[in-house]
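The structures come next, written out as structure tokens.
After this come two complexes, each holding chain A, first together with chain B and then together with chain C.
And now, the complex of A and B:
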């Protein structure tokens, strides 16, 4: 997909149209998946539509020629994190009667949308005022594993190490929280 | 071109916020938070394409690591609460005592 986007940028107007069509397709899929996430009643359906959102976001990353992020999004997000969430949803064996009763869900969501609309409009306005230069051609190595890795291990070395500590703390915390029964025995 | 990506990011962020404030199912709320993190990621990557520097990519990787840690901890808490109360309602979880 990266290649498609790049080629289309280099070639004529017809192929630029193709990249635009891909952008529209991924955007529609992402927004529909997100809408499904907030509106489905059963968390399993929500998780499935969230996976659609994540995969279309990976496509958007590819269109932005972020190759490493594209792969990481698919492997870590759509693969690992979502399978963890779906595993827990299935592990808890949620039936329809276990779900919280939300009779006023539609009303709540309408009120919520009215509350959020000003924030969204404000952000849209801010986005419109960002000066954008439409550089269509980037370096072919932009966003590759080597380039991002070099940056990660030179300029961002300290945050990277701190993230490793964060993951260790989260691991220990999850074991302490979820493994309580074993400790009591 | 970059503006349309940022618009998508804003839309996804708003949908995530809507899910957090209007739903009561704890899994839906959790996945809405993940959606907001993803919207922020998309903004990072779009900005790094705009400025043609790859710092945004590194930050997006960091956000993914934080999301993974958050997922592990949040799911452990959800399992514990489900064991205690047998429910998935965030209103039931508002009293965390005992």
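And now, the complex of A and C:
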């Protein structure tokens, strides 16, 4: 009995260790992908690098047992939106000579890094001091469609509803900015 | 229950009206003139509803359904009235503006309605995620309105700059909200306040960092120092009625939510008094420096908007979190909005085709050719400079007395100095209009009186708002 308990504790500790390693892996990938997004020269490389970020974020959601968010992250962001963006880039058929010449790229990046560094240090300090909370085993249904839906339509009804106006504005805006040029219709 | 519905009525009207205008804009037979008139009707009715609402003490409409995320108070009612009034005046001046600058499509007015809906939500929201979404509704509609003229290079430049920097501000806000959630365990203002009261503010690094980032986002939106650099380019690139709308309604909405956020707990406000003290002084003086060097009227007005943000920041430093009424802030916003909107309404019709008259020199001798327009512009400029008996004077008077009663004597003195400095560029336009001979004939499309009427009404409003506290 004692032996078994010991073994299960050991196994639990191993699981936590494993989750930690996964967490580190996903965060490093997410940050590297984001860095690639801004530093690659060709838009296609940037887009592919952004896919890495989105998939790593999906992994982070999975670690938090947020099943539905994990699935939507993969299907909607990494799947639908990113493939749309990649299609558009492929349609435009951007060659290396089409890209603008960026002079002083290294210099700008260094200056930017120097300026951002204090903010980064400040944020690291802040994040370190976020009060931790005890880890509890969540309900097996946690993060499922029903649970998220109930939360969304009870506690978070207002933000959920006003997002629809935001999407409507974006839609009208796309029509206005990219549609046919109407002159004083 | 019924009362709750009435309290939210203006916001619902503008939101549903925006959808209605959007659907109407798909019909060929509906011209943009008709859309403008419907827009005016919509804002007028919503304004009357907002005027008719009485809010004795802060109420939470539909507390169960919305989980207490919206709070209506006298302050939100007043700022809502300013926003709706700005929408009305913008529709009126856009009607005339698009006679001379033909790039309007009928979706224009639905976007104005949507952005006003976002602004009204922003004034009432008491929860960080709702605030973020409302902020984005407002900003997204404004980005599109800024870039509406696709033929114009300055408009394209303006929208790109504004979109990029606005996205940064949005990202700062989200990061800040996440950190506040980490520090306080909730995004609702009441629960954040409870957490600060229980555990203190000064020792909680996540709360300090989070509120810092949220305040940075607000400072960006109101163009306070050091986040003011975008404002002159963006205001210049946008079409004149939209510049007026951005300068007034957007600022009102953001200052309303800024004040609501700062007063959520005394600890939070006290933690930021020192920071806001320096930011407000720098904002006033940097704004004055920028404004003095400008040749274009729109750029000058953009820079003077920075200075006015500085005065409003003084009011934010001086607010009393225990008995917050927001009266001083709302009054100043009303006074400032009337003056600024009036000038932009006048520029909408005086600017001529393709906004050809936009510099100080272009308005030489306006008083000889169009005495009424020149007189109206003079009233607006004097109000913005703070000369009695205009609304601007009373607004500054209230802000400075509130600073003195809060013990911020230094801020009051700096406010007065900055207001004297600002006379330079306001009087410069008046001198140009009155003490020079006319070179231009200032011919405009005379059969559309909408913007001139709006200008005259706003000129009357300057005195009405100025005398309101004396009469009541």
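Details
Simple rule for what comes next: the second predicted complex is superposed on the first by the 167 of 185 C-alpha atoms of A that agree within 3 Å, B and C clash if a C-alpha of one lies under 4 Å from a C-alpha of the other, contacts with A are read in each partner's own complex, and residues count from 1 in each chain.
The rule is short, and it goes like this: a residue touches a chain if its C-beta (ideal position, glycine included) is under 8 Å from a C-beta of that chain, and two chains touch if they have at least 3 such contacts.
Not measured: the values here are computed from a predicted model.
Number of chain A residues touched is higher for B, counting chain B against chain C. Contacts of A:17 after superposition on the shared chain: neither chain B nor chain C is touched. When the two complexes are overlaid on their common chain A, residue A:65 makes contact with chain B while staying clear of chain C.
With both structures placed on the common chain, the touch criterion links A:142 to chain B but leaves chain C unconnected.
After overlaying the two complexes on the shared chain, residue contacts for A:25 are found with neither chain B nor chain C.
Applying the stated contact rule after C-alpha superposition, one finds that A:125 touches chain C and leaves chain B untouched. When the shared chain is aligned, chain B comes close enough to touch A:76, but chain C does not. In the superposition on chain A, A:158 makes contact with chain C only, not with chain B. With both structures placed on the common chain, the touch criterion links A:172 to chain C but leaves chain B unconnected. Put simply, chain A uses residues 123, 127-128, 130, 155-156, 159, 163, 166, 169-170, 173, 177 to touch chain B in one complex and chain C in the other. Chain A makes touch with chain C in their complex at residues 122-123, 125-131, 154-159, 162-163, 165-166, 168-170, 172-173, 175-177, 181-185. If you check the complex, the residues on chain C that touch chain A are 15, 18-19, 22, 28, 31-32, 65-67, 69-70, 98, 102-107, 110-111, 114-115, 117-118, 121, 127, 129-130, 133-134, 136-137, 140-141, 143-144, 147-148, 150, 175, 179, 182-183, 204-206, 208-210. Of all residues in chain B, those touching chain A in their complex are 1-8, 10-19, 21-25, 27-28, 30-32, 34-35, 38, 41-42, 45-46, 48-50, 52, 54-55, 57-58, 60-62, 64-73, 75-80, 82, 86-92.
In the complex of the two chains, the chain A residues touching chain B come out as 23, 27, 30-31, 34-35, 37-38, 40-41, 43, 46-47, 50, 53-54, 57, 60-61, 64-66, 68-69, 72-73, 76-77, 80-81, 84-85, 88-89, 91-92, 94, 98-100, 102, 105, 108-109, 111-113, 115-116, 119-120, 123-124, 127-128, 130, 132-136, 138-139, 142-143, 147-148, 151-152, 155-156, 159-160, 163, 166-167, 169-171, 173-174, 177-178, 180.
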